[in-house]
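Here come two complexes built around chain A, the first alongside chain B, the second alongside chain C.
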Partner chain A sequence: MDESRLTSTSMNEVLERFKAGKPAALSRGISIVENQRDGFEAFLHAAMQTKLQGRRIGLTGPPGAGKSSLVALLTEFYISQGERVGVLAVDPTSPQTGGALLGDRIRMNDIAIDENVFIRSMATRGSLGGLAATTKEILDLMDCFGFDRLLAETVGVGQTEFEIARAVDTVVVVLVPESGDSIQAMKAGLMEIADIFIVNKADRPGSDKLVKEVRQAIHLRSGHNFKGFAGHHGPVIEVHDTAELNELDDELGWEPLVLKTNALTGEGIQELTQAIESHEEWIQGSGELQKRRKLRTEVRIREVMHRELVNRSIASRTVNKILTKRVEAVLSGHATPYSVAMELVDQFLEKDQ
Partner chain B sequence: MSEERRVRVLVAKPGLDGHDRGAKVIASAFRDAGFEVIYTGLHQTPEMIVSAAVQEDVDVVAMSVLSGAHMTLFPRVKELLGQAGADNVLVTGGGIIPKDDVKELEDMGIGRLFGPGTSTKESIAYVKEWFAIHAVSR
Partner chain C sequence: MDESRLTSTSMNEVLERFKAGKPAALSRGISIVENQRDGFEAFLHAAMQTKLQGRRIGLTGPPGAGKSSLVALLTEFYISQGERVGVLAVDPTSPQTGGALLGDRIRMNDIAIDENVFIRSMATRGSLGGLAATTKEILDLMDCFGFDRLLAETVGVGQTEFEIARAVDTVVVVLVPESGDSIQAMKAGLMEIADIFIVNKADRPGSDKLVKEVRQAIHLRSGHNFKGFAGHHGPVIEVHDTAELNELDDELGWEPLVLKTNALTGEGIQELTQAIESHEEWIQGSGELQKRRKLRTEVRIREVMHRELVNRSIASRTVNKILTKRVEAVLSGHATPYSVAMELVDQFLEKDQ
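Now for the complex of A and B:
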């Protein structure tokens, strides 16, 4: 790799241009974080010297549901209100080849060259540092760049999407009449994260039926919860635990809204923006937003600690030296992987400060 | 600590014609080769292409040009990329382009241009080779 080019893209220079508001520097900054280039944490630290205050909306749902089309329409609306909008669209990496075909921009051509819009596509890649962690870091970086509004599009409703969903203020779950059957299976999970349900492709048969089904499911769920369970929780928050947040939802009583849209005609979009606004008013007024941000920050610190500890222990000479030796002990039956692992963790925490 | 960096490619289909089969074929082939491919659809203007290339921080812009407008489109994208400070992006592509034009474009700093019927393997190998030598840290 050409040395002179490396310096011309040095992180300090990127940082300076980032702070001066240059989109190309935001773009490079995102790559630095995504690639976990050496020093990316210092980069994030330096970039994150401003308060995070962008309003964050997450859209999730099955492939082809119309998420990108809806993102484009929402963006159009927000820029017409004078806002600056950052879009992050995440799509799966092919596990076989490591490649990805990112086609979300196809639906966003109408907003693509507006100077108040920045769109970034991202592939899920391997588990380097954890997809959810990286996605949240990129959202933070975009936030610090100064967007009023951040829209995050993710596919499906796996564990990762749950975590990403928790990095936004308002979660919009997008369904289509065709996805009826699969919804049965994921209903529980969807109920947990959705603040707003969209039944898109309202022009297709079955959309009214789906709206009804989702509403019924919501009512079943809230009826269930109001039987009540005590909410005593310590200050320690598990990284992967979303239960606390859900309970906050329940206590304060936000019932997910269910709306129909047609992203081809724009029908229902105004209602969607109003629904998002009332959810925003609710999370602000109820104190929920503060709670979510606090939890989010705690989770973030833990995730960064987790990544740092893992990386340091992998690089640790003490660990590697003992590990190589102790493998023999396990093979000869004098130790187990468990005793060795415990020994290593103790050694590591004592010696590798 | 970082794993092998992925090649990021913008596959763009400029111009008014409605044929994006070629672009889609190369986009899937690039994906199968392990690249991260951003595909933006039909009717892209040079401004849209460059704006996407910058926001996506791609290494390569690959354009499929069948309209005969190659002598304006390729240089224009190259020029706009330069203005945007993204002059280390490879601009390459394919289409029906006469030999003399290919020569002229290459002299302007455009990368290799592939004629119709070129095997996708050839363009993949070319991008990989370029990337190994010229890619900057991102």
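Now for the complex of A and C:
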């Protein structure tokens, strides 16, 4: 079916089948949201009549760090635990056609036939704005479809991943030894969002050095109070006793864990799942999860409100009439975008309802 | 002086000195805009009481393509022609400290002491949203300071550069032979914004192949009508007779030029400046420049208006009171961000002025 001719009747059909738990309807629903089809917000509203409680893990890092392979391994692990897993992969550096992603997806395709797994890629290079908001809406949609676990994979090259990080419970930042320079450039921002650092492709030269550098950066940021705790770490942290870690965390907050993995051999994956569990226990026990969910709900509401305000101003005949008149005044230097914008806002708020 | 304690009095001082043409005041003004200091829009409004008529050239492309070197060479050329040149370099992949840029800037520093040149870098990795809008405001500010020519350099890795491209008259896309894959990924979007393609580092293997590929992509996009014109191109286009090109352009629109350069030897730079001139003549003669300026003025007004609407809604006590109440309802599944947002918009537009 041609989605450009999607009617509200067929949207209702999608909704019914979505609520009945049909994966094809989830797929269609995501397309509705991704393309911001007429009525997509009403669709989301109708779909979201439920508590969002999927456990959300985000993986971010530079292109080629092996995020997709790690996501595939994590997915395999969680379905082996009887969980239903939804995967969303966002690559803002790829064109809509998404050719670049296909190679990475081979392993993913092996597990994609499992009925407990749902995988969606968004390759959205060149789409103007709104990527982060759309991604969060798709995560919400996947969440209320009823997955136990949501894995969000984002390429960390711009700014989008920082926003998406705020839409998950646990942020895993994936680094590789050879991407030294880009890591340097990314570090400042990544330190703020990472709950767990992974040095993937750990068999390659420089991985121990990178682990050490990341730990130093963490401790530098944490300050002197953390030095005792930092000494507790071995060259690769071993998370055998999560209770012990949690005790420290409750006192100290969460200090990002640093682990080595090799997605090709599966080395370190068990430790990664343990680290994720450890972080989940901490955010639940400390009240941090509740805090994050509340904050991201507020952010979601505000984003929708802002989009609606903007859309109504775009549709406003009063606004458009004045705008058309005033453009020439700005071009000739007799007005500025600021004086015209303030006039438009005042008119819009007073007279245009 | 500590800018965090910038008062409106000192902002007025900056403004006076800005209008008197002091580069230090431009620098301070840019910081005011970049940090969105209280009153920055009033500052921009007061600064912009003039027609914007600087000729604007944007350079974009992948990291390491040699954009900075090309900008330095172009700057040298334009000041040798007696022009005053403003340069704005935006790298959304670098942290605020901007260490990564310093290496590239050495050549730039050689010309930075010329009194007819002003250079500003923004390394803004991790800044949340608004980068494109801020960049455009800084370009406007530099424009009304009175430069004959504005050069905007943006790293093409995300989406920001597409928006910034719309803030200039002539878009130069810089490619290098070795970045084949990323170019493939970028092509779709770049085709839409490029007025001139540069294959830099033309001494490296693969440069002729890349020139050929880019031309094929252009012709594929232009369709059959352009075949005759395409045949006019040699392996490297020679722009000796701009009138001839313009005649074709008036009939056919503008077909992006493809040139080879070597920023290290200066090879191809003269051809680049001719291509830029040729494009400028075309946009002026064809009415395209007027169209672009009108469109970007409209976009600027709308951006300011949207920001103001959002800011007023954030400051609204009515909105915040309802929001605080309703978050719990969303968390428990009794409301959605969509129902709450619509309620907030209605309240804001009706009662909150």
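Structural remarks
Operating definition for what follows: the second predicted complex is superposed on the first by the 290 of 353 C-alpha atoms of A that agree within 3 Å, B and C clash if a C-alpha of one lies under 4 Å from a C-alpha of the other, contacts with A are read in each partner's own complex, and residues count from 1 in each chain.
The rule we apply is simple: contacts are C-beta pairs under 8 Å (C-beta built on N, C-alpha and C of every residue); 3 or more make two chains touch, one makes a residue touch a chain.
For clarity, every value in this text was computed on a predicted model and none was experimentally measured.
Legend: residue contacts after superposition of the two complexes on their common chain; A:42 is shown touching chain C, with no touch to chain B.
In the superposition on chain A, A:306 makes contact with chain C only, while chain B stays out of contact range. Judged by the touch definition given at the top, the superposed model places A:344 against chain C, while chain B stays out of reach. Once the two structures are overlaid, the count of chain A residues touched is higher for C than for its counterpart among chain B and chain C. By the document's definition of touching, of the two partners only chain C reaches A:51; chain B does not.
Once chain A of one complex is fitted onto chain A of the other, the partner contacts of A:336 are limited to chain C, with no touch recorded for chain B. Once the two complexes are laid over each other on the shared chain, residue contacts for A:327 go to chain C alone; chain B is not touched. Residues 93-94, 97, 99-100, 125-126, 128 of chain A lie in contact with chain B in one complex and with chain C in the other. On the chain A side of its complex with chain B, the touching residues are 1-2, 5-6, 8-9, 23-24, 27-28, 30-32, 35-38, 93-94, 97-103, 105-106, 109, 112-113, 118-121, 123, 125-126, 128, 311.
Of all residues in chain B, only 1-3, 5-6, 27-28, 30-41, 43-45, 47-48, 51-52, 54-57, 84-86, 88, 134-138 touch chain A in the complex they form. Residues of chain C that touch chain A in their complex: 41-42, 44-45, 48-52, 92-97, 99-100, 125-129, 131, 140, 157-160, 162-163, 181-182, 184-189, 192, 293-294, 297-298, 300-306, 308-310, 312-314, 319, 323, 326-327, 330-333, 336-342, 344-345, 348-350, 352-353.
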